[in-house]
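Okay, so chain A shows up in both of these, paired with chain B first and chain C after.
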Partner chain A sequence: MDTVISLIGRNFGILAIDTISPRSIVIMKKDLNKCVEIGKNKYLIVSGLPGDVSQFTDFIQKSVQLNSLKTGIPFSTHSVANFVRKELSECLRKNPVKVNLTILGFDDSIGPSLYFIDYLGNLQRMNYCVQGHASLLVFSLLDRHFKKEMDIKPAIGLLVKCIGVLKNRFLINQVGFLIKIIDSKGCRSVGIL
Partner chain B sequence: SSAIETSAMSITEYNGGGILAMAGKNCVAIASDRRYGVQFQTMATDKNKLYKMHDKLYIGLAGLATDQATFHEKLKFRLAMYSLREERDIKPASFGKLVSTLLYERRFGPYFCEPVIAGLDSANEPYLFASDFIGAPLIPDMDSNGFVVAGTSSEQLFGMCESMWRPGLDPEELFETISQCLLAGSDRDCLAGWGGTVHVICPDKVITRTLRGRMD
Partner chain C sequence: MSKKIDTKTISFCPEGRLRQVEFAMESIGESNITIGIVAKGGIVIATEKKETKNPFGENFNSEKTFIIDNHIICAASGAIPDSQILIEHARIQAQQYKKIYQDYIPVKKIVEIICDIKQQFTHKGGQRPFGVSFLVAGWDSSNGLQLFRTDSSGTFSGWKAAAIGSNSIINQSILTDEYKNDLDLNQALSVLVKILYKKTNSLEFWKIIDIVLLVLDDKQQILIRKMNREEVNSLVS
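Moving on to the complex of A and B:
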């Protein structure tokens, strides 16, 4: 089960995502990049049933791209999140797709924003979010230590704490966590913890 | 995948929440808790469950969060079409009927949300409405029990309202009463709480306040 820890800082969004691809008891790939870029300033991370994940991710990425080519207007993070929610809520009663998503984006007008959408189509905008079984271990740590408008170094320090808890107490060995940042300059990878 | 397992909870208890509305003298108040949870885990503490339809009409939706959002989007669309066609705001009584009909349209594959409507009609008389998730209406008698509740903490809220409500409350008294009922009611429900939001609808303005309750 994928772990995604994401939080909003001062004019940037940061996330840590595990890099393993497991099948049953075996780690098939240790350096998988699960972040999908939508446009230049949005990350989409989808987790759940493997087939649904790849199909839904492709569908969302290409639909958003098609729409922005058709209209000539790049989508905002809010629009993408609500578009995904609409698709999931329509799928719920027709052909259910079991995926949970995190969308992290940066818009010039409003700054960074983070949305979590679960497999039923519940959309919630949050300041910090953990996706996956790790949420049971990490959420309370974020409740305690998160402050609004953090700078990059304290935010990475907080992520280090969270990953430390997982490496200490989480049953599954998630070999490494890829750290990514989104800010006004775009998306970039910071490293692997 | 094991991440998608659900325990033996009913689908209306998946997210949790409590909504109530009360009538006063030429004013109504509607209040909800602020928890966004997934079964036993609280994900966020600032979820909005009360939606403004127009200046004198608010609806609160309890139940499954995705259906709350979908149903609200449908209502927003219908109301926009209504106000374009009719060139006026919808009357609360008509809106209550609309909600009831929209829910019954899905009788055999329902939206798992329970609406609570609070509004002031054209004579500034209070209007309250609640229904189950297939649209069976409940419009209370304003003289004897001017309150309606919905959500996982509905039983606790019923008890609180029954003992604290009385007819003829003015806006400030109404705010105090509804706040105490909401906070006490959702304290005893593990799936609701984490503060509250209250809108008091008066003929000339709407007073919105956020409550800080037991954050657990």
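Moving on to the complex of A and C:
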């Protein structure tokens, strides 16, 4: 199961995503980028059943692009998150899609914001969030060590601790974690831990 | 819906114009004056109304001004029954947008929605165009205070000050002379009075004019209110 650890710092948001693509007991690909950019300053990470993931990601990315072209105004993270939630909850009773999503975005007026949407259509805005089985191991660590308005170095230090716990205790060997940052300059990759 | 659609009403004439649309604009040119001005702290829209005795007192929803959502107001010139259908549709679309995105609909999008409907009636045969022109004023977080003007053909444009209805060309040129970029609301109101008061000779100004304000305060809260009898009369006394 995919692991996504995300935090909000001071005027930036940071993500650590694992990069393996597994199939049964084999690692098919070790450097997969699971993060999708929506607009200039939003990241969308979808995890769950493989077919649902690619279909839903494509659908959301292209719908948001179409709608922002129609209005001529880029959407805020809040609007995109609610739009995704609405699509998911409409699918729930017609053709359920088993995916969990994290949306991390930066708006000029609000700053960074992080939303988590689960497969039933629950939407929550959070300061830090873990997605996947790793949440059982990492959340308690984040509860203890997370502080609001962290700078980049302490935030990366916290991520290193979380990844350390996973490498120590998590059954699945998630080889590398891709670190990405969103701030006022846009989205960028920092490296692989 | 009859099977024989009269295709002549919405076809180009030999000179390359849509006659019905132009006739619709003629009819708007005979109807009530509506003026809108974008000022520094808000937008003010004034419309002429018929001098009638309203037994129910002054309620907000006078005939020619409408609230589309908490951040968009609109005034109509022309056939008011036509306008009510478009306003109804616009209100529904604004709420549907809010339902999906949990955010206020951008002003331009509402104007596009209204104009798309107006355009349909200039495109497919058998039905006349809407004989109504709107001034849509609103605020959104991407573009701030905006004023749009729409006409029967479905075109819209953004304005800092606009006049529709009768004598619109003369009124528009007065606005061009009088408008400055840093007008505040009181100065905008005095410009409005300059245009409207001389057209109406009644002593009771409030009986024939509706003035609606969309005011933006420092906390970016939007307040929409209609000026009451004393305030309107104080503008001319």
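Criterion: the second predicted complex is superposed on the first by the 193 of 193 C-alpha atoms of A that agree within 3 Å, B and C clash if a C-alpha of one lies under 4 Å from a C-alpha of the other, contacts with A are read in each partner's own complex, and residues count from 1 in each chain.
By our rule, a contact is a pair of C-beta atoms (placed from the backbone, for glycine too) under 8 Å apart; a residue touches a chain by one contact, two chains touch by 3 or more.
Keep in mind it's a predicted model, so treat the numbers as computed, not measured.
Asker: If you tally the residues of chain A touched by each partner, is the higher count for chain B or for chain C?
Answerer: Chain A has more residues touched by B than by the other partner.
Asker: Looking at A:Phe170, would you say it contacts chain B, chain C, both, or neither? Reply first, second, both or neither.
Answerer: Neither partner.
Asker: Give one of first, second, both or neither to describe whether A:Tyr115 is in contact with chain B, with chain C, with both, or with none.
Answerer: neither
Asker: Just chain B (first), just chain C (second), both, or neither: which does A:Ser76 touch?
Answerer: A:Ser76 contacts chain C only, not chain B.
Asker: Would you check which partner chain A:Ser89 touches, where first means chain B only, second means chain C only, and both and neither mean what they say?
Answerer: first
Asker: For A:Leu136, is the partner it touches chain B (first), chain C (second), both, or none of the two (neither)?
Answerer: Touch partner of A:Leu136: chain B, not chain C.
Asker: Jot down the residues of chain A that show up as touching in both complexes, chain B in one and chain C in the other.
Answerer: No residue sits in both footprints.
Asker: Okay, in this complex, where on chain A does chain B touch?
Answerer: 1, 47-49, 85, 88-89, 92-93, 98, 100, 116, 118-124, 126, 129, 132-133, 135-136, 139
Asker: Once bound in the complex, which stretches of chain C touch chain A?
Answerer: Listed in rising order, the residues of chain C that touch chain A are 99-103, 106, 108-109, 140-143.
Asker: Looking at the complex, which residues from chain A come into contact with chain C?
Answerer: 70-76, 78-80, 82-83, 86, 109
Asker: For a test of understanding, state which residues of chain B touch chain A in their complex under the given definition.
Answerer: Within the complex, chain B touches chain A at residues 1-4, 14-15, 36, 38, 41, 43-44, 47, 64-67, 69-70, 109.
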